[in-house]
Amino acid sequence: MSTFVELVVNGVSMGSVYALIALGFVIIFKATEVVNFAHASLLLAGGYVTAVLHDDLGFLLALGAGIAAAAGAGALVEVLVLRRARVENHAVLAIVTIGVDIVLTTELTRRIGTEVLSLGDPWRDRIVTVAGVSVAETRIAALVTATVLITAFLLAFRHTSWGVAMRAAAEDGETAALMGVRLTRVSLGAWALAGALAAVAALFLTVFPTPGLDRGTSFAAMKAFPAAILGGSTPPPARSPAA
Amino acid sequence: MNGANSVDGANGLTVTGLTVRFAGLTALDGVSFTVAPGTVHALIGPNGAGKSTCFNVLSGVYRAAAGSVRFGGGELTGLAPHRIAALGVARTFQNIALSGRQTVEDNLMLGRHRLTRAGFASAGLRLPRARREDARHRARVREIARFVGVDEHLGAPAGTLPYGAQKRVELARALAMEPSLLLLDEPVAGMDGGERRRMAEVVLAARADLDMTVLLVEHDMGMVMRLADRVTVLDFGRRIADGPPGEVQRDPAVVRAYLGGAAARGTAESDAHDAHDAHDSAEGGKGGEPG
Amino acid sequence: MSDPSPPPDGAPGRAPDRAPGRARTGTPGRAAALAQPLAGLRRPAVLAGAAGFLVLLALPFYLGAFWLQTGLFAMSAAIGAIGLNLLTGATGQLSMGHAFFLAVGAYGYVYLASDSGPHLAGLGLPTPLAFLGAIVLAGAAGGLFSPIAGRLRGTYLGIASLALIFIGQHVLFNAGSLTGGFNGRDVPPLRLPGLAFDDSPGLVLFDVPLGALERLWFLGLALLVPAAWTARGVLRGRPGRALNTIRDREVAAAVMGVPVARYRAGVFVLSSMYAGAAGALLALVFRRTVPEYFGMFLSLDYLAMIVIGGLGTAAGAVAGAVFVSALPQLLTRYGDDLPLVAAPGSGGVSPAEASRILYGAAVVAVVLFLPGGLLGLWSRLRAAATPRRGPRRPVPRLDEEEQPA
């Protein structure tokens, strides 16, 4: 029985991390109709920055820097590339993000090389045992963080003006623009948010029991794509991609 | 409308109790009308009356929640768009739907799709059959282009043409299907007086030469009065009038629908404008335009 | 763009352009194509094509193994990229699964051609038959996926086809008796009656001994030329018009009588068969199939090729394939002389990495600054180099978003 509970907790925890990745992916898709194949490289960027800085800055500051870096990278991609690509065909925009992904991933995996980097998280490999059920602290942290973030997003999506603007853009961009929604701002926000979520996901993809951040991490991130497919065909509130 | 029997079997169209709903909104509510073979029938009404929805059901783009559409003795309701096309139903789009990067000639050749057979293998291997077919249909497409007056643009990518020419290419593409029922969705929207007149002539000539039935959605009342043999008026998804153009124009329900909406001023203006237009075309029509 | 000229009637003022001498030097571009008779238009293109083909035929007599291998990679990639361009460029259907079908072609050939052994299964078919079988297998695999490919539009198909990569990698690594697992399998050389595509001695032409690479070079040409020719026929014929319209105006295509789902499924199968042929040729060149080669990156490479070369045409696919396959080889070969590029393992940017970064950036740059890709650039250069002498006609202004399709 306890083994079963452990499996469930670990599975749900892992699923919630993938949900963070998928959520970012879906946010971009809903706001701009662009399939962001560079998502895995944003994740890798966030994780890499955290891993490099945690010795000097401490874990939390480094994580903040990683999140900021990934969000910034996402925003940069939006401003420098997608906003300028005047193509109607969304398949072509998806291929552009592939170009971005190739550049970023190649450079990052080159820097990482054959090393396995730790992100300096405070939980290490500690394990909590409650009523005979043993679960790694990292798994609990992942579950709690992901739940908080996803809930916060859904609330913001429903109740803030940014959320309303994004829903309007997802429904019908042209009409939304006529109603005064600034599509560029929605799209920029979506890319930055997706990058930030990816950086958080990078942390929990690489903590215990995973040895750390290595060149295969971006491939692991790609596994979240099927989750995004299942959740991505409807707007986030209707069906959470965590499913 | 119960005229089904009288038009079945020929190129007549019978719409019975057509209802379309989108997420709780009823776009069409039990609409019925009959289009006699070989006539030009106009579907009019204020913006949002359900005209384009009706077209989208007729061409298979939308599914109806209830009701039936019969054409030439067959049921169209529930058929996929390409099957409806195969029965000889062609349409144009209010917002031009040409393939902008392909040449005008290729856009028109797409109209021949239902009349041609070449598949991946025979086109890829350029079998004699495919080449003969291509040459034969290209000749016909050029004829149609001349007829509609777009032959000078045949080699240009459709997206690079001026608006009026693209509207004409839309019509030419529909004619290239050799349809027995032609659905025209606001064929002269955004055109100037001369272009409108010319479009009206082309439609009338095509109907006469090609033995088609025409269903027309149009805001320009002058155009409707000039072309249509019969008019059906929709408002908020319901049929509010049906009859010959002169009668319908005087119908109190119609006047109310138009005056009640924002379209009121536009209608009055276009009427004045079209009276003038009609006069022009009476003179110009006989002179014959090029093409 | 070689649409035949319109009929002569009603076209006054175009007569001067039909003067035979001028027609030959005329731009085979869009405007000129209209007013010039077919023969006059096609002749220079045909001559240039024939000359280019002769050069390609002569190359194995002069090039070393390194360049022959690079050329063979490029030819294989070109065949695969033509297939992907039919699907993604001409129809607007994004596919991430192209590598999967390359794998089916490569492993399909190996399985069909190899004899069954103690650890590895095989059918031991005559190798030419195995080669054809590999293409058919890839087409059949595409057919299995085609109900999905027919229903999903554009980028949605791109996401769904990612599943093929994951499935493919799983099978390649785990179905040991079929695929050889992690270590892959040896590829039996192709043997036509009287000619084996291996290093067997005895084949000497013009005093040059022809080894496996030289022989495969001719095989590659014999596959690439008909592949490109067929794709061009498809694209310029009835199916191509239907596919392009599905890409540009899906609803209009359906209303004009095009069964959209059937065409999407059909072009998916066709593109799988091109991938299968490319994979089988690649296997013959590699002489060994390895599973990790057929991963996601390969699919990305192919998408990069068609964007860089030019979407929607066979020539664009070939141009992009040559660019993407030759770039790493060029950097490997001449990397020592280039700044920033270091030897592999020395900590700097290795040639392989440099080439990936370069062509990733090239994808972005092409979409931003060079709509139409290398092919579009080429036709623009040619148009600029030829003095304007187009027929006087109301040629409309050029649309900014226009991309040669």
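Note that the chains are named A, B and C in the order they appear, and that numbering of residues resets to 1 at the start of each chain.
Heads up, the rule we're going with is that a contact is a pair of C-beta atoms (placed from the backbone, for glycine too) under 8 Å apart; a residue touches a chain by one contact, two chains touch by 3 or more.
All figures in this text were calculated on a predicted structure; none of them were measured in a lab.
Please indicate which chain is farthest from chain B, where distance is taken between mean Cα coordinates of the chains.
A
Name the most central chain, where centre means the mean of Cα atoms.
Per-chain C-alpha centroids compared to the overall one single out C.
Is the C-beta contact count larger for B-C or for A-C?
B-C
Using mean CA coordinates as chain centres, what's the gap between chain A and chain B in Å?
So the centroids are 49 Å from each other.
Based only on mean CA positions, could you tell me how far chain B sits from chain C in angstrom?
41
Could you state the distance in Å from the CA-based centre of chain A to that of chain C?
Going by mean C-alpha positions, chain A sits 34 Å from chain C.
Return the residues of chain C touching two or more other chains; collapse runs of consecutive numbers into ranges.
Within chain C, residues 247, 401 contact more than one other chain.
Where in chain A do residues touch at least two different other chains?
In chain A, no residue touches at least two other chains, as defined above.
Inside the complex, what are the residues of chain B that reach chain C?
The contact residues of chain B facing chain C are 59-61, 80-82, 84-86, 90-91, 93, 97-103, 105-107, 109-114, 116-120, 123-126, 130, 133-134, 138-139, 142, 146, 151-157, 159-162, 173, 177, 290.
If you look only at chain C, which of its residues touch chain A in the complex?
Counting only chain C, the residues touching chain A are 88, 92-94, 154-156, 158-160, 162-163, 166, 247, 296, 300, 303-304, 307, 311, 347, 349-350, 353, 356-357, 359-364, 367-368, 371, 400-401.
For the complex, give me every residue of chain C touching chain B.
3-4, 6-7, 10-11, 30-31, 33-34, 230-231, 233-234, 236-242, 244-245, 247-249, 251-260, 266-267, 270, 393-399, 401-405
Provide the residue numbers of chain A that touch chain C in the complex, in ascending order.
Those in contact with chain C are residues 33-35, 37, 81, 84-96, 98-103, 106-107, 110, 113, 219, 222-223, 225-226, 228-229, 232-233.
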